[in-house]
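Below you'll find the structure I mean.
Should a chain be cited, it is by its letter among A, B, C and D, assigned in written order, with residues numbered from 1 in that chain.
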């Protein structure tokens, strides 16, 4: 941590800062420059982050040197984390596809969709039984009934189930049916929910908050790892910007950046990023080319009848074509899909 | 709802759209222009919002005509909602001040702060017992112990207590101690929590999500009203932008805009908006001038020792001076404070 | 400047950095911490900003200590700059109002507007003869003819003329008619134009770019001062954010922040910030309360016939009422208007 | 254009709107719904965009139906525009690479760089002789001397020259040396400069403004086409968002979206988007996968000595490796590079 003093600060200010640092167990390294005096605090910066040095008299600014996260960082664990779940690997050589409807609507429709996905080699079926909806008047999901539909389709197809957890009170229930738990974008900083899934034994897909920085995203993952659950999959799903032609703006550079900063797998959700099915294939191919470990895609047999997110849901035929194209791109970058 | 058809659409596309609208109980009003055919759907637009007409063949775009919220709108209830709580009014002629530390740290410090606030005529003491923190390693609040400190200080000073609820499992506990419940910015779209506080009998301060549009903000308030709790206070607290000199960017125009669109009281939190104590007074005065019904201000007797948000916490003396200045501005715009 | 080295860097990397700094005339101050080695470069940081130290082997990051601007900073000139133009002062005790139509449309309409402004004590008439329009098919301004209309109205009313310069080739022409030159938001980083107005003897209103940080805004002002023109007025006019209910988002905290960082006057343009006339009064009052030295307001006698920006133009009666309200707020904060 | 009336509007308001539309040569189509009356204006919407109908009494909002641009739209010209320049094609089957230093520094360094690019099959050499720099104290480019260096290297290598025009007064000079003119991000709405390059006979690379919407970007291209120059190449180069780990956020979905909306070629500049060389390859591959017609890449033989943009400049070896990788991705999506 670097503490920059104001020009014309008092000697006392400097002494007080040094004493405070020493009291906290740090060594203070003073350096007087032409325009500013700076103090380097030598010790565990993570402790110092919680101390409001900015409020001490004479302090102009405080500059951190280290990243605020630890367990999720590559510096802490240089090797890629590969997450194994029922014989499938996430974060390995193979790029995984997680596909399905936004919401679980009925057993029949879910089966139709799942069967349409199988020929493309999709192992993971996604679908929400609990739906976070902007409007209180919109369909909120079937709850446990929806989870049972997912279970039935898993039985029949052998696909693994990815579904969202919105409320810590539903943890036991959702874990009973899900193979992978999803934490949605609006809950990325629902810290109680993060703590909750830090204590379960299922892998967690953590979606980036729509205005979360990369640093905040990793800090939210750190919450889960800090509780002991190391099977976290990061999902870039578009951030909020001024552009209105797309639902969000996919931050494609987040993929290589996250791969540099963390050992965790990184997947991309082009459907929520763009919000319209016609742009999904180009963005999905881009995600694969950029190094994503997986794709999360909304697919529906009849988007015009979907209970939610119809406009961004792909029809099975377009989906199958896109997967073929993604597979070629995957091979071009030395992966399989 | 207006449905715009693609140029060169099929006749069948048009028929299918009209039939679908009619099946849903709408009248379809067709208008053929020079470049586009458009269909006006006459009926309850809120139903149509849930139907993915964009996915029907031949549709170029869908334009809503009405706002998506109802109970919170001025159109539904033209008169200002005034919230009464233990003899105080929020949303009336008097501008209310909610002040206190970010986190409840100890009974002694809380008392010191509360006593420093009293001479300025502050009736509402804010302080967090449950703290949403970006880092899992940061102080997370004292929980029930913190609530008891608040209770004790209320006993002693007669101030009313505002404190945050983060987890639906704590609702009963927090309601036992709080006069007003706060829903934080990171939980503005924690829909389960919104539903939860829609069913209690305490007023709720709902903070705007850091990347929430005005529309989404009002939809979150609608969640609470839809459950039956009409005592919602909206709090503008700065939105996330590209600017980094301040913690967030206070959206000052949200104040008059919200007052136009909704009957609910609107307060402003300058402390979280700017993130540095030296800018708080100017922004607080601006909020009063713009028509805010209240101010939420972080105050600490020793910001340099605060457990959280030290840099944005005001010292009591500066706070008292600011309140005097705000009072003069309040009078200039025909209010009291 | 602080140079942070990567963990596990080579000794050679450190030596090379130190040598480079010394070659550039800096002293290098090495500090080895628990997790990182950092090098403090002691000397004129502005020189070092142009050196890509980040690209040297072993460097993790480079942290500047000083602000990149000099002439515009309060550190360089602690006293407020007061700009005098034909007997009026900008940046002094009196808050100035600059009002008029977006575009100069005809001599008659301009006269009508000017006369409607006079009773409110407005000294500065704004109006564009050269208009930056998003569409090539929109009205682009009358050019010199428009300047002559402004001149005629100045003659008749004694008001001072503020008008925009868009093209360095028009400098002489525009300076012939204008009392104050305006540089529009889209030209805030048109560095050639900035250099141009740095060499004239007229005051310049520099509008903040719609996605410019405060730092970039001040750097653009620095361009003008660096050429010798010290009469720059900064204008906050709203930044681009995700919110769509208003045209832009007024950054109200920019007012006190700029007043801290720079000695230059700071004015606010609520009209462009919100883009709708009904919200202008609340935001104008907020600007005055926050410490603005002036207001830039679009006024038109018949907004529904305006050639541009009709929806955000106020009618004279509403304008007069707003000025009265602003005057009371000005007095409440110890200013006049 | 759809005009939505306020609930409870006067009959007179409606008549006045209808009369106004008819006076302007439009047919008015009235539709009374349950909650709102709407008026469809049938005729050339582009005329109506300039009329401030929002300011008429009784109007709640105005919704455009058509895109505001014409010449650049696919609706106007369905076939891809392929731009031919000295035997090379941009926008055809082959993805083109435009590479070189940020600024032209010396003839020697430029030659070194150009020769390092040739083995990768690069046909276009980019380099700035006029540099838009945030700081007035930074290197501003060598001007004509720099153009002559570019000319000399073209002579020697046969590469085509891409260089930036910043000031309409330099048009003749820059056109003398450039094969393709670049308009930088900060000048995307420098409408005078756009008009200027609309009148030359060189292709123009138009970079997206850092906070420009897709609509505004296309409107700026429309300015150039409206003057008669149809050889415009659109360049996505990252937009400004809240994220600070990268210089900007590349809007990858802009590539397929622009290809849908316009017939013009679309290229991508990963270097400015991310601002750090280590992330450029992943983003470049993503751009190719998403359908970009070209890549603009900053390359320098010694980034640590570059006069500007060192941290984002690639070394030749890394560049050559990246081009190989991009070539494989290009083939996977059915293109060449």
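Everything below uses one rule, namely that a contact is a pair of C-beta atoms (placed from the backbone, for glycine too) under 8 Å apart; a residue touches a chain by one contact, two chains touch by 3 or more.
Everything quoted here is computed from the prediction, not taken from an experiment.
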item	value
Chain pair showing more contacts of the two, B-C and B-D	B-C
Distance-maximising chain from subunit A - centres being C-alpha averages	C
Centre distance in Å when subunit B and subunit C are each reduced to the mean of their C-alpha atoms	31
Euclidean distance of C-alpha centroids - subunit B vs subunit D, Å	38
Multi-partner residues of subunit C (each touching 2 or more other chains)	211, 240-242, 244
Subunit D contact footprint on subunit C (complex, rising order)	46, 49-50, 52-56, 68, 132-140, 166-169, 186-187, 189-192, 194-195, 210-211, 216, 219, 222-223, 226-227, 240, 276-277, 303-311, 313
Residues of subunit B touching subunit D in the complex	2, 4, 7, 29, 31-36, 38, 40, 42-45, 63, 65-66, 75, 240-242, 244
Complex contact set, residues of subunit C against subunit B	211, 213-215, 239, 241-246, 249-253, 255-257, 260, 273-274, 278-279, 281-283, 285-291, 325, 328-329, 331-333
